[in-house]
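Order of writing sets the labels: A, B and C. Residues in every chain begin at 1.
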Amino acid sequence: MARYALLKLLYAIPTLLAVLVLVFVLTRIIPGDPAQLILGDQATPEAVAALRAQLGLDKSVALQFLDFLVGVLHGDFGTSIVSGQSVVSLAAGVLPATLELTVASLLVGIVFGVPLGAWSAMRRNRLPDIAVRIGSLVGLSLPAFVFGILLLIVFAVQLGWFPVISPSGEVGILERLRALVLPSITLGILMAAYITRVTRSSMLQVLGEDFIRTARAKGVPWWQVVRRHALRNAIIPVVTVVGLYLGVLIGNSVLTEMVFNRPGLGKLIVGALAQRDYPVLQGLMVLYTLLIILANLVTDLAYGVFNPRVRFA
Amino acid sequence: MTDAPVLAVRGLSTQFRIGGAWRAATRNVAFDLFENQTLALVGESGCGKSITCQAILGLLPHGVARVEGSIRYRGRELVGLAEPEMEGIRGSEIAMIFQEPMTALNPVMPVGEQIAEAILVHRKCARAEAKAEAIAFMDRVRIPAAAQRYRDYPHQFSGGMRQRIVIAMAMACKPKVLLADEPTTALDVTIQAQILAELRDLCANFRMSMVFITHSLGVVAAIADAVAVMYAGEIVEMAPVEELFAAPKHPYTQALFRAIPRVDENAEGLQPIPGQVPPITAFGEGCRFAPRCPARMPRCTGPTPRLAGAPGSGHAVACYLHHSETLDAEAAR
Amino acid sequence: MNAPETLAAPPRAPWARLGLALWRTATANAATAIGIAAFLAVVVLAVGAPLFATHDPLDQDLLARLVPPSPYHWLGTDAFGRDIWSRIVYGARISLVIGLVAVGIAMVIGSGLGILSGYMGGWVDQAISQATNILLAFPSLILGLMVVAFLGPSVPNLIAAISLATVPQFIRVARAPTIALRERDFIQACRALGFSPLRIMLRHILPNIWPEILVMGSLWLATAIRVEASLAFIGLGVKPPTPTWGGMIREGFEQILTSFHLAVFPSLAILVVVLALNMIGDGLRDALDPRMKESGK
């Protein structure tokens, strides 16, 4: 298992490197001079030159990339030109909020997705199945912000059950959880839709397998066959898909944070976009990449836990 | 054979819904299985052997399959039995082993646990006790280092070993009847012989009865006491094994024997059966073998011949060639 | 066991196969039929936008700001008094153009690379597969956000960003069946006859796999339209005042407490198009997937 984990870690390195190159290239092909863009048209040539030096833009591209790489390796993701704070400290302040949202949404996705998918598979082509299939299709067709806005209008604005704007600063745990409900449902519904679909098709396949018949032939009650034999096997592809869509989840958290005005990486990105804070954007891209690679790694490990054939390979 | 049969099947018909219509997969299957007896069900693929076994255990999917007739296990009617009661019978009274050892085991559950599960669902006992018993059974079917391999997963075993595990699982509750659905077909010939010996041994030791499905007459000779030959969903001939091998009566059975390659004959002696088994959707009245039968008579396409034999002979055949005496006797009555 | 059988269909059949699949799913599956109808309706609206729009989408009427739906302004007006229905109709053009062109480009490049990768094998395959895996690790929204954030929001940049995010999907979907096809007799026969690899790939492999590619296309068109709207919502869409659905929601969101019709109607528009495309893609996939067919009976 340890070897398997280490191997997966090694595989992540080229991906990370490639992404760093991609981020670097993207930041260098901005049309025009970044320093000029940042400072605006009225800036004096001296100021522009100073900023160029500060950003390291006066060095050769190769050196710039090296600086960038060394910086990342040392945990230096750049410094905001607006606030002067380091990207790491900016991100560290809001990362818990984003992680909280992502994990809560993942839970929503699993708690709704797996049982619905299994139920749908067992009632194949009957009313529950059709309802679940249509529901999941709608769920994955809804952009996160559309669903978020609908929830916001109904439950926060009209019914007033939940806060419209997430509270910031120190608040009680209960208040914090209450503010988390709508955002995590918004983001989780997408995950739930994906998980439902995969669980359903995976379950349908597993239910037709020989070993299900074997289990029934030895007198195992049906619900126990479903739980211990079918679901345990059907869950394996679900794990893969959850991992695949963790990235989608992280991506859509940007939208959710905007809609619910929650602090988080997404809000940070949008703020940096508005202020053309390119170092922050670049740093956050790298951070997002790290998060996604980490998520994929965790998924691979989880896959090993659920699938003995991988564990012993 | 004065005892009551352990398993008595009468008029068993199974139907499947195909494209909206119900089609008969087996028709009027009847046989008795006595204690410590092995009955072989022989026939080509798709003749309804497996379906018959699954019908006995109530494993056919509801809504898609329909079972009619009577299956009595020690006098208790199984057709129409409620699912919870059927679950009590499956595994503990009647167990089944399957053709494909590679797929018959749950890939994500340790094999030992799969055997222990069979014990635990039928008996209130501690986990440790079930485990000890499972290991004993793994030992019993000659899995080397059983205790160490308890926690291993199916993919870590060879096909032959997996089939032994499937057998241990079926035997775990010491069932009275074992339904073996071509348990050796997917295995190498040498492994095949070992597994057959194992099954024979277990039957004798536990005074267990067995329905053994196969398409190989060689395997029949090695394991069976009695044989039922199935063709297109019906039993066409039934006899004690020696009698059937000595004097097969039904043209289909005879054809099966002619299709076995033999060392003492050259290949020209081999006679394949012309034509093929009709599809399930094309069954009509009359003897289903008639279209391929060398001895076809006009009446063969009339009413379906019933399985009948001379009284007391134990050898029954569903063919008009051999029916004159029994039918006359019936007509006179 | 079934997969090779579908590929065994004669090489020239795919047009018929797809048509048949579409027809079969449309008749057997109401959802697909609704999807096709809804998507066609949106296409007609977008193409004939000047005919269907009741107002100029850019025309501001400061005396009729934030008007709720009425017979004159069917879906009401926004904060500048612009007619929402007309903006939605014109906005469909942006969504469809960006979506279709981006997915079209991704489809051509992606299937090309996928077939090349699968057919050539060796280091070509290695290189392409590695690059694909790296790009696949990225959610399309983040990748799009990265590209557009740095290149600036314009129609070509949006198309480039969404294409980049979609290409690996097509590489993946084209590569796997190509590998299976490569070993088949009729491709071997082509090779024995001395056909050039290019000819084999274009004339013999492509026609066999493109129904699958098209299914992927419809599903990713849905995603592309969603991503474009999401980017516009973040503020990375085509620059205002050009009407885009995502942009309209972004503007409407500011008025969410008082006039939520601003955000609701473009949201519904997105939902209809994305849902329609997903329904089509789902139905087609089921119709073309031999496993579903077999067990579906």
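Simple rule for what comes next: contacts are C-beta pairs under 8 Å (C-beta built on N, C-alpha and C of every residue); 3 or more make two chains touch, one makes a residue touch a chain.
All of these numbers come straight from a predicted model, not from anything done at the bench.
**Student:** For the protein chains shown, what form does their contact graph take: line, ring, star, complete or other?
**Tutor:** line
**Student:** Counting C-beta pairs in contact, does A-C beat A-B or the other way around?
**Tutor:** Between the chain pairs A-C and A-B, A-C carries more contacts.
**Student:** So what's the Cα centroid distance for chain A and chain B, whole Å?
**Tutor:** Chain centres of chain A and chain B, defined by C-alpha means, are spaced 54 Å apart.
**Student:** Find the geometric centre of each of chain A and chain C from their Cα atoms only, then give the gap between the two centres in Å, rounded to an integer.
**Tutor:** Going by mean C-alpha positions, chain A sits 22 Å from chain C.
**Student:** Got the chain A residues that touch at least 2 other chains?
**Tutor:** Not one residue of chain A touches more than one other chain, so the list is empty.
**Student:** Multi-chain contacts only, two chains or more: what residues does chain C have there?
**Tutor:** none
**Student:** Using the touch definition from the top, which residues of chain B touch two or more other chains?
**Tutor:** Nothing qualifies.
**Student:** Enumerate the contact residues on chain A facing chain C in the complex.
**Tutor:** Listed in rising order, the residues are 14-15, 18-19, 22-23, 26-27, 29-31, 134, 137-138, 140-146, 149-150, 152-153, 157, 164, 204, 208, 247-248, 250-252, 254-255, 258-259, 269-270, 273-274, 278, 281, 285, 288-289, 292-293, 296.
**Student:** In the complex of these two chains, what residues of chain C are touching chain A?
**Tutor:** 31, 130-131, 133-134, 137-142, 145-147, 149-152, 222, 226, 229-230, 233-236, 249, 253, 256-257, 260, 263-264, 267, 270-271, 274-275, 278-279, 282, 295
**Student:** Using the touch definition up top, name the residues of chain B that touch chain A in the complex.
**Tutor:** It is residues 54, 57, 59, 83-84, 87-92, 95-96, 98, 100, 103-109, 114, 117-118, 121-122, 153, 155-156, 166, 169-170, 172-173 of chain B that touch chain A.
**Student:** Can you list the chain A residues touching chain B in their complex?
**Tutor:** Residue positions touching the partner: 209-211, 213-222, 224, 228-229, 232-233, 236, 306-309, 312.
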